[in-house]
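We just call them A, B, C and D in the order they show up, numbering each chain from 1.
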Amino acid sequence: MNFASDNVTGVAPEILAAIAAANDGAAPPYGADAITARLERRFAELFEHEVAVFPVATGTAANALALAALTPPWGAIYCHQEAHIATDECGAPEFFTAGAKLVPLPGDDGKLVPATLDAAITGAGSVHQVQPAALSITQQTEAGTFYRADEIAALAEVARRHCLALHMDGARFANAVAGLGCTPAAITWRAGIDALSFGATKNGALAAEAVLFFDPAKARDFALRRKRGGHLLSKQRFLAAQLEAYLDGDLWLRHASRANGCAARLAKGLAVLPGARLVHPAEGNEVFIELTEPAIARLAAAGFGFYRWGEGPRLRLVTAFDTREADVDAFIRVASGDEAVA
Amino acid sequence: MNFASDNVTGVAPEILAAIAAANDGAAPPYGADAITARLERRFAELFEHEVAVFPVATGTAANALALAALTPPWGAIYCHQEAHIATDECGAPEFFTAGAKLVPLPGDDGKLVPATLDAAITGAGSVHQVQPAALSITQQTEAGTFYRADEIAALAEVARRHCLALHMDGARFANAVAGLGCTPAAITWRAGIDALSFGATKNGALAAEAVLFFDPAKARDFALRRKRGGHLLSKQRFLAAQLEAYLDGDLWLRHASRANGCAARLAKGLAVLPGARLVHPAEGNEVFIELTEPAIARLAAAGFGFYRWGEGPRLRLVTAFDTREADVDAFIRVASGDEAVA
Amino acid sequence: MNFASDNVTGVAPEILAAIAAANDGAAPPYGADAITARLERRFAELFEHEVAVFPVATGTAANALALAALTPPWGAIYCHQEAHIATDECGAPEFFTAGAKLVPLPGDDGKLVPATLDAAITGAGSVHQVQPAALSITQQTEAGTFYRADEIAALAEVARRHCLALHMDGARFANAVAGLGCTPAAITWRAGIDALSFGATKNGALAAEAVLFFDPAKARDFALRRKRGGHLLSKQRFLAAQLEAYLDGDLWLRHASRANGCAARLAKGLAVLPGARLVHPAEGNEVFIELTEPAIARLAAAGFGFYRWGEGPRLRLVTAFDTREADVDAFIRVASGDEAVA
Amino acid sequence: MNFASDNVTGVAPEILAAIAAANDGAAPPYGADAITARLERRFAELFEHEVAVFPVATGTAANALALAALTPPWGAIYCHQEAHIATDECGAPEFFTAGAKLVPLPGDDGKLVPATLDAAITGAGSVHQVQPAALSITQQTEAGTFYRADEIAALAEVARRHCLALHMDGARFANAVAGLGCTPAAITWRAGIDALSFGATKNGALAAEAVLFFDPAKARDFALRRKRGGHLLSKQRFLAAQLEAYLDGDLWLRHASRANGCAARLAKGLAVLPGARLVHPAEGNEVFIELTEPAIARLAAAGFGFYRWGEGPRLRLVTAFDTREADVDAFIRVASGDEAVA
């Protein structure tokens, strides 16, 4: 009954089993193991493209290390003003890039549009200003919405024109792929993405993300950055095993579909309540909704976990791979005032 | 049959079971869970002292973050010239401290002595030189030896006189406690240690270390540093669960005793071979030994894993919590030329 | 006839003479000279307060070093969105602070107001967000306006409530003191300023600024930061001599008054032209004005130096200590179309 | 009568005159002036090679910025253990490189030899170790000696083999060129140097050094680094004017020859005294000599400025462009005990 975040969840049984299965005697450390080797090939097949794969344990590490590989210390990184990298990582991108500048930009429903980006890019060639270096977008966005492939391509066109590298924070990438019904390639390298933070933790892994580079040249030195950042695990096979199990049998997409479905059900059920208003389209596994204060009070009293979000009686509700429809329905019932289920 | 390193091992069954047990529904993320809360109390009891506990996933992160909390960017960190922080972390301490300088010092058997440290400390008060800031020692040392409590206290006396903070890299701390038969307190805060990188990964955990500060004031801002470094796990309960199981029923000391015992057996059996010579006393779970080239060739042919170390026919052999005496004996037999066991 | 910037000027004769006078045999290097010693006392008298004085050669160094002394790497520095530190220093504050985050805020006429600041300060105590650390304001602002003492005090009240240190970028501090007719103390420490970048270069020095700390505790380690940043001059007496001559006989205020007077004359003469509109009040030595495109074309053809500023037919015109009234009048005449003086 | 350092000197009259001459009305700021333009051509002629020229105000800035351009944050910079960059810049190279590691190496008379360098270079290709990146040598060395062209070429051969960039700290470059009687090219790019910190301050400038890159590709981004480090002077013409005057009519070589001559005279006169012993050959403008304690006491009593250097009764004596032979002779007389001249 916890809709506070997808990071309150535990580990999917398949992934726990894969960790146990990987625990089979000695194995070379630091990613020289067989599972890591398989994983790189697996990602290449999934993305239909050569890809350099770097497993790490946290999303903040994935984002900050990826941006550091794409941006010089004097670079500007353009992003949405609500981007996780700008608001929730305690300056990790600034730390790993040795002081690059994040340029926060506005955009409806958590998404940037080309004109906004284009207008914001300044200073190229002037020693007095930080130099345009990278664009980072989030897929699924922080507003629970998706960029369509053509929307990404349009941003990439602007980025290319200004020689920006293009990063995608994919902490909830699975939700976007599942929700859009597209291939992973369609919304990444085919649309112009250079590097992807491929998330698994929020969608059922214990602690596993992967930084993917579609252009190996951009990955140059990444292994050194990762080690230097303390993000190279000695027993890396257990990271790789999580990711392998995550991809096996499309577990990642089944998880995401379930989470998305629960969010859609939640949004549908809540949006019709008196005084309710969806703040953003609920495309993925997050619902941003305005409810009445009495409804919020009932939900809190009933023991549901959730966050108030921004000003006024607004909530962010997050579903996950293990959300039960019964809990969704209970939430709606309590919000509606029909009953107060504990 | 792999004596290359203790990081080629897998996970102890008790620790894997603890991870599975922690996978029990939703839990607050980022260390606000119940297991993390228990863990801090547990460490306080173990060390007989108030202690701030920060779990992280790698030893490099533990060391670099701890040093960054103890050292300004213009600080000098004194350490043994073979210290892991100086030779094997790709400059992570320099990265996390924003450019502090490691001052490598010589010392027999991997250990520093007070006179060497005292003579090396210079520059205090001069703006032209980096400022003496911290001493970092390794316990068990990189040479497989131990600092006795009074040896640490003698170094701490020099450190205090020069206002140095005192860090211990305890990636193999368990081996030292088990081997010395002392309390954890005796070789840490009672001897003058301010911060300890408490290792578990090399001794049976999946990926779990903890940074401990015995003076909470030194831990100020550490939580921010950890997050900013990408080292705060969202599902931190699974880190905490590993550490809890590691301490439960003295698993950590039983593991370390077994590894130490195997190393002693190995050292004893090899040292008497013709042409063999122990390079350092084999006090913990590492044996540094000179063998003959034919012996080394036989061992390689038999499929044993090990590293050549430094110049000449020298090996580093590492035992671990899961090393079998039969493998130790087989290694000795092959080295002796009695038989070549595959 | 150059109104492009006050940094196109040369050196005032008095300051050049002081450099020559300081060239008198050997002197201790690195600020241990007699002139530097005098200078600290001189600043203390001028500001009616104990003050730590650190001469440096550039304004960017002064600002970035001062901010680094006030802000941890995970700190947020609030500033106006047109602040020099945010837009014209190529990320120097991020570099010297090891990755702090500048938070740009809007405000009319280059000035922040308390409510804007108060609303922007978030995240204190959360490890996920950078921590409120400092406020930096510019006096004379980048819009050519002044903060009154009570306006600074009102900002300082907000800053204190949120435990922010308060920095003033005083690249054109002289213009503000001269224009407001106040004491230096009134708009610095008496109003709550902790550290001041005291500029001289734009107002007649060759290359000389000073970082002043009104609380010596905030200056701790500053000497090390300056040296480490390469900003400690060996022959520092020549920096100190510039600053001493700058203060002698109120040269700095006479210079600033003349520049301010020329700007006022320029603003007055231009504002009445058809199609002209002052963009900001011309309080100091800068005039931001909208003219007609034909007028701008005439000025360019006549060889006047100036910058277009922002969108549309807007200019920034800067006067300096050596601006001649005749040039001001010529500029106005050409803008008015009366004649095109070469 | 001050032999403490060449940085206790003032400014040569020719250079002061050049500053005054440059003070001729308005000029474009930030290096867009005519003198800076001339300077780049002048250096190209002097070095018989295309060269990118970046004036800065301090030697520490020149060295640290140059090394940052040649070394990634995870790079190793090999240098002599007495190198100024390693011992006297408060970690500026670590700061500007974002945490590279200086590897101090031994060598007689302040000079590295190829075998020492070759043996020290390790770790290439391993993510666990910092990566070999640059060699920095000092010419004139910190021991007052010179590298011959063939000695530099031999070091460069090792450097090239290991893909190291090659930096020369030329704070006293003039003394080496004058003393060796070679061309500037012979001991720089012709011998394999990539970047040179060309010093002028110690040899008669007010505050002026230049970073020279012989391969423009290595200078890429340098202008951004300089600005971001606060080392781009707005009135750069006054830096350029110093350097131009320094080169004009071989002023730099005449200065250096005089200083070298005085040092040779000093060394010759002192070396024959009872109990005296030259510690290093006095090739340039520094004399490292062991005297008797009574001699040292007499010199101090007579008011001579000098530094004791290292252990025992050793002195470092530095001559400069303005040292008078009469003072040299007086020093020798006092040291010899003939008389105690005030």
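What we mean here is this: a residue touches a chain if its C-beta (ideal position, glycine included) is under 8 Å from a C-beta of that chain, and two chains touch if they have at least 3 such contacts.
Just so it is clear, the model here is predicted, and its values are computed rather than measured.
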Comparison of A-D and B-D by number of C-beta pairs in contact, larger one: B-D
Farthest-lying chain, centroid of Cα atoms versus that of subunit D: A
Where subunit B and subunit D are represented by their mean Cα positions, the distance between them in whole Å: 42
Between subunit D and subunit C, distance of the C-alpha-averaged centres to the nearest whole Å: 34
Inter-centroid spacing, subunit D versus subunit A (mean Cα positions, whole Å): 51
Junction residues of subunit B, two or more chains touched: 30, 73-74, 89-91, 95, 98, 127-128, 224, 227-228, 232
Subunit D partner contacts - residues on subunit A that touch it in the complex: 30, 72-74, 98, 127-128, 131, 221, 223-228, 232
Complex interface listing, subunit D residues touching subunit C: 2, 5, 7-11, 16, 19-20, 22-30, 56-62, 64-65, 89-92, 95-96, 201-202, 206-207, 224, 227-235, 238-239, 305
Contact footprint of subunit B on subunit D as seen in their complex: 73-74, 87-91, 94-95, 97-102, 127-130
